[in-house]
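Two complexes are shown next, each including chain A; its partner changes from chain B in the first to chain C in the second.
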Partner chain A sequence: MSALIECKDLTKSYGKKTAIDHISLSIEGGHIIGLLGPNGSGKTTLIKMLNGLLTPTSGSLYFQENPIGAESKKHISYLPDHNYLNMNQRVSDIIAFFKDFYEDFDENRAYDMLEKLQINPRDRLKSMSKGTKEKVQLILVMSRRADLYVLDEPIAGVDPAARDYILDVILSNYEPEASILISTHLIADIENILDEVIFIQNGTIRLTASVDDIRANEGKSVDALFREVFKC
Partner chain B sequence: MPWNLNSDRPIFLQIVERIQMDIISGKYKPGDKLPSVRDLAAEAAVNPNTMQKAFSELERTGLVYSQRTTGRFITEDTTLIYELKTNLAKEKITEFIALMQQLGFSKEEILSLISDTMKGEAS
Partner chain C sequence: MLGKLFKYEFKNTAKVMLLIYGMFAAITLLGTFVLSWDSVQKEESAALNFMLTALIVFYILSVFALFIVTYVYMCLHFYKTMYSGQGYLTHTLPVKSSTLFHVKLATSMVWMVCSMALLILSIFLFVLSASHGEIFSSGLSAELHQVSLEFEQELGMSLGTFCVHAGFSVLLSCLSYLLWIFTSASVGQLFSQYKVVAAIVTGVVLYFVEQIASLIIMFTTGYTASMNETTVSITGINAVPAGSGADSVFPALLGNTYIWSILLCLVYYIVCRVIIQKHLNLE
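Moving on, here comes the complex of A and B:
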C-alpha cells in the first residue's frame, strides 16, 4: 500500500527561524500516530503544511501521491488548535454548513455523538464552555469519512472523564483504512490508543517508534520516555 | 470502561494476558465467539491494531482460532485451556515461593504456613 503522507526534506522557515528542518517521513493508512514534542518544536507548523495552510519553504510533501491542495483537503479532516467557528451559530447550523461543505460529512454520525455527549444541537456555540466547544469541534471533524484525520491538541481543554469518552469517539468513528495524526502534550491519556509515536524537537524528528516497541525495549511508558528525552 | 492496563509493559501483552485470564476463569467458554477487534479495542480503549496483534498472538498459541468469515472463537480444546491454567498457577506459585523465601521462610515453613492458613479459612 502506498503511503498516505510522504514528505522529503521538508523545511519551513519563518524568516531566520527554521520551524521544520529537513524532515522526511511517511505515514501509512490504518494507523494512529502521536506527534509529540515540547512547545515550539514544530508540531503545529508541520500540521499546517499538511493541511495547506502554510507552504513549505523547500522539500516535498505529498498526500496520496499528489501535492497538497484542494484535492487533499477533501480527504483530510483537520482539527485546528484554535476555534474558528462562528460563535453565534447553533450546532445544528454548523452541521448543515459542514454537510454542505464536505462531501464526506456524515450528519447522522454527528448527531449520534452529540447525543452521547449530551450536547443540545440547538445551543449556540457562544453559550458553551471551552471544553464543550472543543467537543463540538472534534465531533464535526470525526463525522467526516476522511482518509486522514489530523487532530491538533484534541483533548487539552476537556475534563478527564470526557477524555475517555472522546478517545472512545475517536476509536469508534475513524474509518479502518484511515489514519489519525494526533498532536498532544497529554501523552499518558492517549498512549494506549496510539500505534506509533513521532518525537519532534527543534523541527527535526528525534525518534519514530511503535508504542509497544518503546515499552518492550525501554521498559517504560511513552510518557516516561518523553519526560526523559525532553528533560529540561 | 477502559481496561486497567499498566504503563510500562507492551499493551498487546497485557491484552493477551487479560483474554487468557477471561478464558481460564470461564468468562469466555470453549467455542465462544470473541467480540470483533474493533469492538473489543473500543471497550479496552486501545488501538485496534494493538488488539489485532493480541488476537494474532492468541491464535498463534492456539487458544483462539479464526474462521474466515464468521469471526474468532475460543478453542474447544479443553486440555489446552487446562494446560494454560496449570502453567499460570505454577508461575504464580513460583513467584509466591520466591517472595516467601525473601521474607526468610524455609520451604517447610512455607508449606505449614499455607496449610495453616487454608485450615483457618475452612473453619
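Moving on, here comes the complex of A and C:
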C-alpha cells in the first residue's frame, strides 16, 4: 500500500530559526492520526507545507505520490487554526463557493449540519459569535468527501461541551476510507478517537506509534506518555 | 475552474467598484445638468460663476478619486486574498497558483479599464452638455482635421494614431503600477514579521530603482539631449524644420517608452509569479 503522505528530509527554516528539521515520515491512509506536540513544536508549519501554504526550505513532500499542488488540494480538506473566510459573506454564499470549487463537496451534508446546529445559512459570518464561526468552518471542511482531513487545533479555544460536539462532527462525517490528521496539544480530549500518534518537538519527530502499541507496550495513556516525553 | 475564479473575483470586487462608479456617474450627471444651463455658461452672476468653478474642482477631484480608489482597492484586495487570512482559502483551492495570480491581475486590469472608459464617457457627456449638442455640427470634422494636421506636423503622427498610442501607454502604465504593488506585496510576505511594512519598503525601493534605471537609460542613450532640442522646437524658441524636431523624436520616444514599460512589467511579472509559485510564505 502506497503512503498517503510522505516526507523526505523535509526542512523549513525562517531565517536562522528551523521550524521543521530534516523530517522523514511516511503516513498510511485510513487512520485518525494525532499530530501532537507542545506550542511551537512545528505542527502548524508541517500542516501548512502539506497544504501548499508554505514552501519547504529543502526536502520533499508528497501526497498520494504526487508533489503538493493543485492535484493534492482536490483531495485534502483543511481546517486552519483561525478564521480564513470573508466575514462579509453569508454562509449560503460560502457553501456555493465550496460547491463550485470542490467536486467532493456535499452541499446537503453542509445544510443538514447547519440545521442541526440551528445556524441560519442566510446569516453573515461577521454577525456570528467566535464559536459559531468555528463551527461553520468545521462544517465546510467536514462536508467534503476528501481523502485526507487536516484539522489544525480544531478544539483549541472552545469550551469542553463544544469540544465534544466538534469531535462528534468529525467522527460522524468523515469518509470511512479517509484519513484525519489532527494537530493539537489537548491530548486527553482526543485520545479516544486516535489510531496513531506522531510526537513532534522542536521540528523533529520524537515518536510515531499506534495508540494500541503505546497502551500495550508503555502501559500508559497517550496523554500520560505525552506529559512524560515533553516534561519541562 | 478559470471561469469560476473570474466569476468569484468579479463578484467579490463588484460591490465596491459599482458603488464608486455610481458615485462618479452621479457627479457626472449633476455636472452635465448644471452645464446645460445657458446662464451658467454665460457666467451671468458671481454665484453661478462660483458654482461652475466649484463644480469643475469637484469633478477633477472625483476623477482623481475614481482612479486612486480603484487602484488602492485592487491592491488591497490582492493583498487580503493572497497573503492575509483569506489567502488560506485562496491557496488551498484546487487550482494552480499561477492561475490565481493571472485571474487577480486580469480582473484588476478590467476594473482599471472600466474606470478609464467611464472617465472618457463622462468627459464626452460634459463636452456634449456644454456645447448643447453642437459638437456634432458640421464644423467638428473640419476642426478635427485641422488638429490632426497639427499633430502630424508637431509629433509626426495623426491624431488617431496618437490616441491609439495614448490608450496603449495608459494600459501599460496601469499594468506596471498594478504589478509594482503586487510584487511589493509578494516580496513583503516573504518576511517572518512586519510583512506590511516590508511590502511598503519594497515598494519604495522598487520605485527608486525604477526611476534611477530609467534616468540612466535616458542619459546613456542620448535621450535627454534629444528631448531638450524638442522642447525648444515645440515652444518655438528655436524653430527647426520638420523632421529634425519633435516629429522625429516623439515616435522614437514612444517606442522606447513602450520597451521600457514592457520590460518593467515583465520583470515584475516574473518576480511575482516565482514568489507565488515557489516561495509562498503564509506563516
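One rule holds for everything that comes next: the second predicted complex is superposed on the first by the 232 of 232 C-alpha atoms of A that agree within 3 Å, B and C clash if a C-alpha of one lies under 4 Å from a C-alpha of the other, contacts with A are read in each partner's own complex, and residues count from 1 in each chain.
In this text, a residue touches a chain if its C-beta (ideal position, glycine included) is under 8 Å from a C-beta of that chain, and two chains touch if they have at least 3 such contacts.
Here the structure is a predicted model, which means the values were calculated and not measured.
Asker: Quick one: on chain A, after the overlay, do chain B and chain C clash, or do they fit? Just give me the call.
Answerer: In the arrangement built by aligning on chain A, the partners chain C and chain B fit side by side.
Asker: Check whether A:Leu167 is in contact with chain B, with chain C, with both or with neither, and answer first, second, both or neither.
Answerer: In the superposition, A:Leu167 touches chain B alone.
Asker: Rounding to a multiple of 10°, what is the angle at chain A's Cα centre between the Cα centres of chain B and chain C in the superposition?
Answerer: Placing chain A at the corner, the angle measures out to 160 degrees.
Asker: By the touch definition at the top of the document, which applies to A:Ala224: first (chain B), second (chain C), both, or neither?
Answerer: First partner only, chain B.
Asker: A:Glu65 contacts which: chain B (first), chain C (second), both, neither?
Answerer: So A:Glu65 meets neither chain B nor chain C here.
Asker: Let me test your reading of the model: by the given contact rule, A:Arg215 touches which partner, first (chain B), second (chain C), both or neither?
Answerer: first
Asker: So in the superposed three-chain picture, is A:Ile32 touching just chain B, just chain C, both, or none of them (first/second/both/neither)?
Answerer: Only chain B is touched by A:Ile32; chain C is not.
Asker: Examine A:Tyr102 and indicate which partner it touches, taking first as chain B and second as chain C; both and neither are also allowed.
Answerer: second
Asker: Is A:Asn192 touching the first partner chain B, the second partner chain C, both, or neither of them?
Answerer: first
Asker: Quick check on the superposed model: minimum Cα to Cα separation from chain B to chain C, whole Å please.
Answerer: 27
Asker: Using the touch definition from the top, list the residues of chain B that touch chain A in their complex.
Answerer: By the definition above, chain B touches chain A via 2, 5, 7-13, 38, 41-42, 44-50, 53.
Asker: Write out the stretch or stretches of chain A touching chain C in their complex.
Answerer: Per the stated touch rule, the residues are 14-15, 48, 51-55, 69-71, 73-74, 76, 78, 80, 82-86, 97, 100-102.
Asker: Residue numbers of chain C touching chain A in their complex, please.
Answerer: Touch list, chain C to chain A: 1, 4, 7-8, 12, 85-89, 91-97, 192, 278-283.
Asker: Which stretch or stretches of chain A touch chain B in the complex?
Answerer: Result: residues 30-32, 164, 167-168, 171-172, 176, 188, 191-195, 211-212, 215-216, 219-221, 223-224 of chain A touch chain B.
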